[in-house]
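Okay, structure first, notes after.
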Amino acid sequence: MQSDIKRLSLILLFAPFALWLLLLIILPHIGIVALSLREKVAPRVYEFGFGNYIDFIQEPIYWNTLLRTGSMSILVTILALLIGFPIAYYIAKIAGKRSRGALFLLCLIPLWVSDLIRAFGWILLLRETGVVSSFLQDIGLISQPIEFLYNDITVIIGLVYTVILFMIVPLVSTLDGMGDDMIEAGYNLGGSGFTVLRKIILPYAMPGIVSGCIVVFMMTAGSYLTPILLGGKNSSWFTEQIYDQFITRFNWESGAAFGFLLLAFTSLVVWLGLKLTGQTLANTVAKS
Amino acid sequence: MIKTLKTTGLIAALMLGTASVGSAETLRLLTWGSYAPEELIQKFEERYPDIEVEVTFSNNEEMIAKLRATGGAGFDLAQPSHDRIYSAQMEYDIYKPMDLSKINTEAMSESLLNGVKANTTIDGEVYAVPHQWGTSGLMKNKALAPDVNGWDDLCDPAYQGKTSMRLKRTILLGTAFAMGKDPFAAYSDLDEYQKILDEVAEKLIECKSNIKAYWKGGDDLSAMMLSGEIVASETWDSTAYKLFAQNPDIVFVPPETGALAWIDTFALPRKGKADDAAYKWINFVLEPENVTIMSNSTGAIASVKGAKDLLPEDKKAAVNAAFTDADIDNLKFFANIPPGVEDMEGKTLEKIKAATGSE
Amino acid sequence: MNDQAAYDLECTNITKDFGSVRAVEDVSFVIPSGSFFSILGPSGCGKTTLMRMIAGFEKPTSGDIRIKGRSVLDVPPNKRNVKMVFQHLALFPMMNVYDNIAYGLRCAGTPKSEIEPKVRNVLERIALPDVATREIHQLSGGQKQRIAIARCMVLDPDVLLLDEPLGALDLKLREAMKIELKLLQHQFNTTFVYITHDQSEALVMSDHVAIMNNGRFEQIGRPEALYHNPTTSFVAGFVGDSNRWKGKVAEVKSDSARVETDAGLTMICKRREGEALSAGQAVEIFVRPEFISAKKDGAADNADNTLTGTVDSVLFNGANSRVLVRGPSAELIEADVVVTGGPEDLRARDAVRLSWSAQQTMCFAV
């Protein structure tokens, strides 16, 4: 009787989470995979088959876009890490208690406005008749207006700006857990600044670095608005491809296949990254 | 025991969920941005106090995708363009036939009504009636780009880096016309259509270096045009009319080969629940004073008799500056898209977007 | 290395200001080679700041620090041959024991072939030869302590600084580690500078102890000298237990003085050499409990100081048992007693006579 009640309460406690997992995560993905395995043979007639995946492999535009999205996302992740780490280190270790909160808030501010508004902000700054171009003209550095928009560099800048907070937060929280004495011990035992960074700070922050990188990479690869709005004539992003399949071309089957491929591809990259750095999900993401 | 408990809980939760739906009739409108001005909604709700209007803004593709996802549920009235109904209905069965006796068809322009009927009749049933029409064509800054008259002038090296277009099907069709083809005629022979598309793609890839950027929505197009960053572009006429009000040098240009005309319609989603309210809305917006309010908001011309006279004054001026009677005779109405064409066009667009080396 | 230097560590007139706050003021001391030196003081007295200056993490506002005779003011912390055991040890959790110890050797560029034997050797000396491959979190508190010391000692430092390293340990382990630290210091024969606020740690382990208060050194000396011959009232009060009275000097003699306490008692106290006392001066008097004898009332006594009272309570603690006696002016006085369990033992509410000699009565001008 006692154990029945225990089991019942366990089930009741677990049920919302299990339902959430099942209804919002597992079922849609099964649906996506099932959808992606349907081939359209005529209006309202479908057959089981791998045609949508074969289309993907046979069309270089598709897998080139996926590879491009992947490599640019990796670049964005690396940049976010390189820029985010010093900021996180400053917030966690150098800034005073009071300014720390303010700095954290500053990092949060961009999240208060939507993706769309942020992208338009960049457009206002970087367009040919925008703030940056006019300013450079005013101070005489350039004689002709310059278009900074509509190229891959702008896309990368915009993406780094959008995702960097998600790099900083886990880094701050791991670095916060590292006592100052750990760093001082590193120096005291004879380490140079570089040695301390490489042998002590970075290994200690590794859980935060890895989880930050995973989040940032996934977010970047899955982002839609920023690459679309800031991107140029040649910058296609894989999510745009998925959107086009679903919405413009009414080709849900192939859109589903693309969606699943994106998921598989990003998971593969994350797995490779973990292998290369010798980390596991359990001792990084779970810990930070 | 445990099982029953769980099931009861679930049922209770479901009942709570459904019970919250209101009892007053709601008209759920799926339409284009600016096609449901606040002023009109208020007026409508005053006249029919028991009807509440809910608006979702969308576009052709998303309308179809939304209705397809639910099998035609979730909305009571949709406004797709006339050429997007036939194939969507054939493929996904998302609309229900209309009862024309409930609509004041007397007020509608006969040619437009018959055109839409011809486009959307399946098995003897009519699936849509016209609401407003407009065109896609070109826009130029007269002062800076006096010689832009045809679709292919966007690729004129004289305007290197100063033109724009939207990378969608309109520009494919326009370019095909500019090359002397008739893409609508080729709809019946998809192999022929594919050939046309291949030539169009080649032309547009070549043209890529001449383009500053592909615009994505009315806002970024307007900003580029007003700032002078571009001097000519493919456009919707309504966008051009709005800019004309701010800078009279910016005019809509019906291309030499004819502006591409679309008619936005009214169609009933298959699982819509408020058909009566939907018919009331259709008849309501056909009333002359409401037509003016609507046109003022959308910039498009209503499909009613004498619509041009019902336009607000500034729009009338813009239309007169853009169209001659000959231009109107020359309009190319979008033809019904047969199944499969969207896929072919999509692939062509991808090819153009992915082509590099011409930066 | 300067072999002629007699002292491993010399500090001369060290002062450190943080803004308007003076953390360390004019501190000077020398530590002979191979000795165990403690700096004892209440928290916030500036002892940690002093240690951080020696390690190089802070720069003195003025004064000089010399190690083996050479000034190190301009030497960055990672180039000073002064190693430090941190309060929370600061072992590197992402490295195993071996790598923790080898870290410093690698930083110093020791050839690979020498690192391994050195690490093995130091692990043997701290009697933990088998833990090299363990992770830090697998070690017990005492083992971590020893690894933290080994990590420093493997570098053969001129001075080892220890910043209250026993604070985090439980009582029993702390007692054991006190002895072990002393033994380790003998074994390595390196100068240890030990910072603590716990007087028993300082007294038990040290060759010399400096008492620090408000940024200044009050007194430096051997533990027993500090205990028996404190030179300031702070030292007398801080080191060991004592009964304390405030009063005024009534009469000054050549080697003693008579003092009237504020509560109206009269006491004879010793005059320390060179201490200038004059009649009417305000003083504080300290008497340690072990020098007060408590006897049942009635027994005759010709001690310098006596007073009578009643036993308030008996605090039994084996050899360290005490009585609390309610004196004539209602204050509580502590006195050590021997509790045998026999009928002659003092009990609560017994009338009692306390007596002690003037020699054990310390008197400091306030």
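Order of writing sets the labels: A, B and C. Residues in every chain begin at 1.
Here, a residue touches a chain if its C-beta (ideal position, glycine included) is under 8 Å from a C-beta of that chain, and two chains touch if they have at least 3 such contacts.
Everything numeric here is computed off the predicted structure, so don't read it as measured data.
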Checklist entry - Considering A-B alongside A-C, which chain pair is linked by more C-beta pairs in contact? => result A-B
Checklist entry - What chain is most central when centres are computed from CA atoms? => result A
Checklist entry - Which chain lies the greatest distance away from chain B when centres are computed from Cα atoms alone? => result C
Next on the checklist: Using mean CA coordinates as chain centres, what's the gap between chain B and chain C in Å?
Outcome noted: 87
Item to check | Separation of chain A from chain C, taking each centre as the mean of its C-alpha atoms, in whole Å | outcome: 56
Next on the checklist: I'd like to verify one number: the distance from the centre of chain A to the centre of chain B, where each centre is the average of its C-alpha atoms, in whole angstrom.
Outcome noted: 34
Checklist entry - Tell me, which parts of chain B touch chain A in their complex? => result 2, 5-6, 61-62, 64-65, 68, 88, 90-93, 168, 208, 211-214, 216, 220, 223-224, 227-229, 339, 342-343, 345-346, 349-351, 353-356, 359
Checklist outcome for this item: Contacts from chain A onto chain B in the complex sit at residues 7-8, 11, 15, 43-44, 61, 64-65, 123, 127-129, 147, 149-150, 228-229, 232-234, 236, 241, 244-252
Checklist outcome for this item: As the complex stands, chain A meets chain C at residues 179, 181-182, 184-192, 195, 199-200, 203-204, 206
Item to check | Interfacial residue positions of chain C with respect to chain A in the complex | outcome: 55-57, 76-79, 82-84, 86-88, 90, 92-95, 103-104, 107-108, 151-152, 155
